[in-house]
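I'd like to ask you about the structure that follows.
Per-chain residue numbering starts at 1, and chain names A, B, C and D are given in the order in which the chains are listed.
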Amino acid sequence: MNRRSDAEMAARVAQDIPDGAYVNLGIGKPTHVAAHLPMGREVLYQSENGLLGVGPPPEPGREDRELIDASKRMVTAVPGAAYFDQCDSFAMMRGGHIDIAVLGAYQVAETGDLANWATLEDRHPPAVGGAMDLVAGVPTILILMNHVGKDGSLRLLERCTYPLTGLGVVSRVYTDLAVLDIAPEGFRLVELTSGNSLAEVQALTGAKIHV
Amino acid sequence: MNRRSDAEMAARVAQDIPDGAYVNLGIGKPTHVAAHLPMGREVLYQSENGLLGVGPPPEPGREDRELIDASKRMVTAVPGAAYFDQCDSFAMMRGGHIDIAVLGAYQVAETGDLANWATLEDRHPPAVGGAMDLVAGVPTILILMNHVGKDGSLRLLERCTYPLTGLGVVSRVYTDLAVLDIAPEGFRLVELTSGNSLAEVQALTGAKIHV
Amino acid sequence: MIDKTCADPVAAIQPIGDGASVMVGGFGTSGIPYGLLNALAEKGARDLTIISNNAGEGEAGIAALLKLGLVAKVICSYPRTPGSVWFERRYKAGEVALEVMPQGTLAERMRAAGSGLGGFFTPTGYGTKLAEGKETRVIGGRGYVFEPPLSADFALIRGETGDRWGNLSYHATARNFNPVMAMAARHSIAEVRQVSTEPLHPERVVTPGIFIASLCEYAVRP
Amino acid sequence: MIDKTCADPVAAIQPIGDGASVMVGGFGTSGIPYGLLNALAEKGARDLTIISNNAGEGEAGIAALLKLGLVAKVICSYPRTPGSVWFERRYKAGEVALEVMPQGTLAERMRAAGSGLGGFFTPTGYGTKLAEGKETRVIGGRGYVFEPPLSADFALIRGETGDRWGNLSYHATARNFNPVMAMAARHSIAEVRQVSTEPLHPERVVTPGIFIASLCEYAVRP
């Protein structure tokens, strides 16, 4: 199988982010999307902890440990940025003001259900953060994930088996193997990673891929 | 009958406002309370339109038509003041952060019910403003009013006949004739305006005054 | 590139058509977007629902819309300002509908809309005429009234300084309803005393630009 | 005269006793009132309920309270920060109770408490495990969960500059939960990098002093 690297997946997501969009990038892989935005587009990234206009990491010697993103990494603020408190930050999410959120996932169902905050095997304390608020309010939820789990488990399914983050919320899934829309009939193929056949990808998908 | 003037009534209310209090003064007569605060006390006055720390009127030549109080008169901001929006302003009221509100009234009942936003005869459109929010949240509601209406109607009653602003919300009533607490048993005498007898004041009160 | 600036109030209010619901910032005469309201009066969009704290005074602003007969309904908390003659005239003639609610409830219903909430319970107005017909609930021994969110097609906002991203600062008590209306409406239009070519400092932004669709300069102070 | 300044964190946290519920500002390591938390750890108040976004990391702050066994319960949204070893240890040993809720719901419940509301309906978490056992309602075709207000005995706040009236400004993303916690708790205590002898400019105040019971200087940056 040909697989998109993490950077290639992030770059593919970035292609779909239009000029002028307000975008929340989830912790982990989604944070890399910003680095791949095509030239000529101005996008404002929101960080749930109270910043609209997240910029790149600070230059050495200019770090500010009180200016961080949701992943708790030090960042900068771009021109046009604003700071605000948690209430305003989550108003932006729940109120539908943020256009797009890019999130990771454990599982996505063909109905658009998303599971990305807890597994069944998890021995750590449960931790949800802002994920449920994002999917409750942001109109376009893009998922960036590996198509298959490290243990070989299928992750694109008819129904999620892990606890849900939200019901019917996902718009599109970007994996190392394919890009799939959530359509009324279920997963609908947008594109295969070059060199893979539909049959190969279908075999690694727990629900029908419609073409 | 001996009657306190408006200025004397305002000064009497001001005696009861402790140092360090956060106070909302309603439109009309209550706005005059600030001018009578005893020396040595620092009180911050809130104006519902978004100012905590209302100061005296501006000196000539220093007016700012965008710095006004709830009565829409130009004011100043004292040292320690803050501006904020309507949501935060009403959070201060409803959330119990403002200590005292001084309001006018059409009628007060011995149960502490207050009617101060509409009458039955009123031919104007109804207008409520912030009065209901104040009485819903501010723990101490002081009422500054004339004991008897201009038409001779009684205004301190067993039950209000006008539409209510709030139920059981009044702490104390200051009139031109007396100061009365709302106690479990009803109106309880605090003091009579000097020179009046209890019998005289009782005759002008629509509910029993307990001593 | 993000650039939400518009040439002038006329261009900014262009999307507002007949039958629109329009939130209008301001309290008394402070923080009212007179430039946008003048442009709207000139355009003559009809059958408007105006949502504001007051119902206009004098001859300008909301009063001008009422005078021209462009307003079908007013939703507000305090329509009885001295000088609200045009509202009184239209109201008494039965030419404009009125919905009155407590000022804090008006603000909080807007915030609920802007924040994606489905409604809230407030103690304000419990047991009064303004709660008649509404769902109530006793919580912890206190009575509360259920209030739904309040959105609008448009909001007209008055700010002090704005930048091309739509970030706004305000001046003194001209802030009042402007920030919450900017959140609550589907399309929020701001006039500012000054459009700055430099971005506002991120600590000084009161309304982040995400809540603003377009802005224009209108330098006249009230 | 209003003067809410305290000599130091030890004096400021003096009212906090055993069994108190304590909101703690901060997200990650930004905006955490380390000075107040250190003083609280030193005092050794026991059986605390800590309400915060995270559950501490490393050895300082909330982690120090957990290490010392002073915490009976944590209410938070995200206790699984890398380095939250003391929380994990106490949690796995059954020595600390945990209540997890979505981050926006945590913030909004605090705001409801601070604003005198009786609760609200949020779409967040509808249909998920975190909504189990909660009242739900379908409004306009969407599902919502009822959430009650969340208050606390105390809040520990980290600000940038404060004045004797308790007015606070913040620095960058250190703002986070601090303003809403200041509103929500019955007694809010702030540490600030600098107590200013001049009043803050009224346009620059983020937390008006009415929400702050006392404040002290703690100049150490994280």
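Here is the rule we go by: a residue touches a chain if its C-beta (ideal position, glycine included) is under 8 Å from a C-beta of that chain, and two chains touch if they have at least 3 such contacts.
Note that the coordinates shown come from a computational prediction; the quantities given were computed from them, not determined experimentally.
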Reference subunit B; chain at largest CA-centroid distance: A
I'd like to verify one number: the distance from the centre of subunit A to the centre of subunit B, where each centre is the average of its C-alpha atoms, in whole angstrom. 54
List the centre-to-centre spacing of subunit B and subunit C in whole Å, with centres computed as mean CA coordinates. 28
Go ahead and note the Å separation of the Cα centroids belonging to subunit C and subunit D. 33
Name the residues of subunit C that each touch 2 or more other chains. 108, 111, 115-117, 122-123, 170-172, 202-203
Where does subunit B touch two or more other chains at once, residue-wise? 51, 77, 83-84, 87, 90, 93-94, 136-137
Quick check of your reading of the touch definition: is the inter-chain graph here a line, ring, star, complete or other? other
Every chain pair meeting the touch definition is listed as A-C, A-D, B-C, B-D, C-D
In their shared complex, subunit B is touched by residues of subunit C numbered 27-31, 53, 55, 77-81, 87-88, 91, 98, 100-108, 111, 122-130, 170-180, 206, 221-222
Quick one: in the complex, what on subunit C touches subunit A? 1-2, 111, 113-117, 163-165, 167, 183, 199-200, 202-203, 205, 208-211
For subunit B, which residues are in contact with subunit D within the complex? 19-20, 22, 42, 44, 46, 51-53, 77, 79-84, 87-88, 90-98, 136-137
Which residues of subunit D touch subunit C in their complex? 108, 112, 115-123, 137, 139-140, 142, 144, 148, 169-172, 202-204
Along subunit B, where are the residues that touch subunit C in the complex? 47-51, 64-69, 72, 77, 83-87, 89-90, 93-94, 118, 124-133, 136-137, 163-167
